[in-house]
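First comes the structure, then the notes that go with it.
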Amino acid sequence: MVAILAESSYGKTDVRLIRVSRFPDRHELQEWSINLQARGNFDEAYIRGDNRQLLPTDSMRNRIYAMAVGHRGETMELFGIRLLRQFFSEHPQVTQLTISFSGAFWEHIEAGGKPHRTAFYKKTGERRIARVSGTRHEVLIEAGIEGLAVLKTSDSRFEGFLHDRFTTLTESGDRILSTEIGAMWSYLSAEIDFDSSWQRARLVLLERFAAHQSASLQQTLHFLGSAVLEQNDAIGEISLSLPNRHCLRVDLSAFGLENDREVFVPVEAPSGLIEARLKRG
Amino acid sequence: MVAILAESSYGKTDVRLIRVSRFPDRHELQEWSINLQARGNFDEAYIRGDNRQLLPTDSMRNRIYAMAVGHRGETMELFGIRLLRQFFSEHPQVTQLTISFSGAFWEHIEAGGKPHRTAFYKKTGERRIARVSGTRHEVLIEAGIEGLAVLKTSDSRFEGFLHDRFTTLTESGDRILSTEIGAMWSYLSAEIDFDSSWQRARLVLLERFAAHQSASLQQTLHFLGSAVLEQNDAIGEISLSLPNRHCLRVDLSAFGLENDREVFVPVEAPSGLIEARLKRG
Amino acid sequence: MVAILAESSYGKTDVRLIRVSRFPDRHELQEWSINLQARGNFDEAYIRGDNRQLLPTDSMRNRIYAMAVGHRGETMELFGIRLLRQFFSEHPQVTQLTISFSGAFWEHIEAGGKPHRTAFYKKTGERRIARVSGTRHEVLIEAGIEGLAVLKTSDSRFEGFLHDRFTTLTESGDRILSTEIGAMWSYLSAEIDFDSSWQRARLVLLERFAAHQSASLQQTLHFLGSAVLEQNDAIGEISLSLPNRHCLRVDLSAFGLENDREVFVPVEAPSGLIEARLKRG
Amino acid sequence: MVAILAESSYGKTDVRLIRVSRFPDRHELQEWSINLQARGNFDEAYIRGDNRQLLPTDSMRNRIYAMAVGHRGETMELFGIRLLRQFFSEHPQVTQLTISFSGAFWEHIEAGGKPHRTAFYKKTGERRIARVSGTRHEVLIEAGIEGLAVLKTSDSRFEGFLHDRFTTLTESGDRILSTEIGAMWSYLSAEIDFDSSWQRARLVLLERFAAHQSASLQQTLHFLGSAVLEQNDAIGEISLSLPNRHCLRVDLSAFGLENDREVFVPVEAPSGLIEARLKRG
């Protein structure tokens, strides 16, 4: 028997960096973790231990750091495009690249009622994400958000669902709906303002989550995804992944107490998980 | 040989709850994790397996849920005081109680430029904490903050330090200073507005971190702690715990590039750790 | 514009259960986390909020618990096959199912030199994983391992690699090689002993990792994957994911000390990441 | 008002190192994370930003690495004692030191039925811990264990407990008992074999947990602690911290199924938490 190497890729994960953009009137701060994964002609390395075509992942990391100087305020997406192009131009043995970004949010500290020029705090647990991937001939640019925790205490019901022999859930006309929005969308063009596009998509997700009269998390997902496509012509597709973080009303009747949707237990596990991909019609 | 039971305590940890306060014009949301730990006469249970004085921790959890109804918008501190008093009044075998709170931050989603009445997002990775502890005769009320990540890109130096034979660190007149503020302070009175007191302390920590001309993280700690005591008469003591999250400038000279404090690697481990307790003089 | 629902799935994640198999001479213990994800005709729910075809994920969880009684010692794979078949037979609206398992390792405690009948300890951080997925017509059975941390202090070199303008890594004829084996393989048949097959694959991975004269982690991956295919006719394909957990020799020359491959810093991030899929030739 | 610096300490946390002891017939592997925290005369640094007595934490880390060469197979406890003495001898401004260790377990891989000389796997999620602390005049040596997850499926009951108005728990004559043993004990002497002492204590904890006819986790804690003191004259005190990882029997009666202690849900939160300190009588 001979094993066949059907696919392979390698690279560097979790290259962490902080970029300080020193503008005259203020500094700006970016904190990213970057993954770079390459495909290409590496069979000799895998099969025979011949490393002549194998660039160390250490060199990939060095390249990332080196490319991060001199481009004040650059977005993940533009950095990714530069990196991908430069990599292909110097490494003929590489045929496919995927560069992924995950970024933290640092905001200027408010001091005396206005943003301090050079002091920051980490605003939130959310992560802004982006992915630039492709070949020498075709590049896909995606962006998104992870860990945007949202919750609504009204305008959510779950009724009229299918019952099988294991169904014990009671219908609810007024439940808490809680999820952690994970979204990733693809851009139809590279000639856009990636920052404002991302900000607009995030705002739409938040506002529409708040506004929706939800019959299910499935419907809310579709409502969110449709709205992002509608509000943003540059986006071709969007995938959403919404865990249903169940909040259970505590039954206090054994203690002679009424709990009129006041005290809930947030359940860590299990979660529902609702996923879908929407594309422009 | 006989083993002596020198100390013991038991209770329930990580009782998670969400409280929805349904005001006419809006809902408010609190998410807490509560620990309750009791000391008292439990030696018969430990030594002889006689459970007659042993209240199940399950009953402690039920009590927490039951007490959470009917007190819209109550703070951690006031909830803790109520719980402690009620517990002592019903359980003579308990002599000491510690009730700890850790809370997440949920904010109203901005929709159409104003806060949505019933929709929320989790604002930040910070946690508001509180602890109510004591005996039938004396109660200590503490509050604080965990995980407030801050970073400054100027006004921080580290120079003139002690050298020993293992010192290789170079002096720096302009370094990044990054930490995650952990603070806990004690109140001199229970007759205060715990929310505004906490908000004021948090604001002082942020503003002073931004403003400080830092000669070391030790000095910054003292500066922050002193300011909290100065700005808030109700606070008697404050303990601060500040990890030094080192951000190392990447040396790109091997590639013919200058990195003028632009690209840094945030180091996960090890960290410095600076701690101190300040009290009113 | 109309958004098109290109794909969707939903289900329950992280359904945790402990199964105790009470044999006459001993108990056996399994601890699993199960994910169940379904595809099918749910467009009405997503698009119009019509829940009539939507089975609550709560009912999926109940079914998992209900099916877990009465099958002492059953493997993940057989449980998954039963669950998938039963689900399809009762739910015509479902067209595709994926059921994933992640299991902890509990071993009998050795007491007085032999395994205690009913007392266990958690042996390791590894997870045994399995996945049963497919349609009414075709089912794929996969199994694997996650988090198997291994390290070798000899027989690993990394030399003769490609250099580019960012390469600073020095060649090494004797380095530490450390990784956390992640592997997933597919079975060609459902008529095998899944436990012994899994045990054999795990043993091959460990023994071959130990034995290999490694020229790179890429080569080690190929060596491990080929061996699993060779030693186990029931396996058709194997995917391996190997992070390179770099261990850097500490340079103590500044202190007049030699560090002859004795003291290393294990680096949390970044890691190399080497992945490949091998199939039977 | 003047703030008074009531206490302070600083140091380095999470200094990670791997030590390879190259014996002629085999290698041995240790992986430690070390914290070093110092107290002393640092008030000028905190209060006035005068760093002349302030040794950088970076130098502390360098010292740890430098001291780790040349002592093959040394235990945490002996390394800690050496480090503490050397630190005090070179740093008069330091008056108190605490050095804490947390170690992973690496075992030789079994290959062809015997331990491979130079290949290892990480055996378990447990951590061996130790702490050496004190002044120039007095040193305390402690050792212990963290994260030793154990579970018993018989010989555990919880009955005859106190009821209050919030008690809903039913008595159980046969429940699952599951915990994660955390233990720390102090040694009466530094002239002992720390490895065999630790191994013996761990064995006693496991065997006694298995053997105990448990009336409560409180009683099991006392039983374990007493046994460690009894079996090991070198140990003066022991503190145990035992979370009660509740495993709830799933009620399947709604589906016409009996669940005779077969399927349980392991509950992540909340846990009971049982703690005590036992000393030699």
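First chain written, first letter: the chains are A, B, C and D, and each begins at residue 1.
Note that in this section a residue touches a chain if its C-beta (ideal position, glycine included) is under 8 Å from a C-beta of that chain, and two chains touch if they have at least 3 such contacts.
Everything quoted here is computed from the prediction, not taken from an experiment.
A.B. asks: Using C-alpha centroids, which chain lies at the maximum separation from chain D?
C.D. replies: Farthest chain from chain D, going by C-alpha centroids: A.
A.B. asks: How would you label the chain C and chain D contact, same or different, if same means the shared numbers make up over half of all numbers there?
C.D. replies: At the contact between chain C and chain D, which are copies of one sequence, the residues are largely the same (over half shared).
A.B. asks: Can you work out the whole-Å distance between the CA centroids of chain B and chain D?
C.D. replies: 24
A.B. asks: Determine the centre-to-centre distance between chain A and chain B, using the mean Cα coordinates as centres, and give it in whole Å.
C.D. replies: Those two chain centres are 29 Å apart.
A.B. asks: In angstrom, rounded to a whole number, how far apart do the mean CA points of chain A and chain D lie?
C.D. replies: Result: the chain centres lie 37 Å from each other.
A.B. asks: Two-or-more-chain contact residues of chain B, please, as numbers and ranges.
C.D. replies: 16, 62, 66, 165-166, 168, 255, 268-269
A.B. asks: Can you tell me, using the touch rule above, whether these chains form a line, ring, star, complete graph or other shape?
C.D. replies: If you draw each chain as a dot and join those that touch, every dot ends up joined to every other.
A.B. asks: Can you tell me which positions in chain D touch chain A when the two form their complex?
C.D. replies: Residues 165-166, 168, 254-255, 268-269.
A.B. asks: How about chain A: which of its residues touch chain C in the complex?
C.D. replies: 1-16, 33, 35, 37, 42, 45-63, 66, 90-91, 93, 158-169, 214-216, 218-219, 221-222, 225-226, 229-230, 237, 243-244, 269-281
A.B. asks: State the interface residues of chain B toward chain A in the complex, per the touch definition above.
C.D. replies: Contact set of chain B toward chain A: 16-22, 27, 29, 31, 62, 65-66, 68-70, 106, 109-112, 116-125, 148-155, 176, 206-207, 209-211, 247, 250, 252, 255, 257-259, 261-266, 268.
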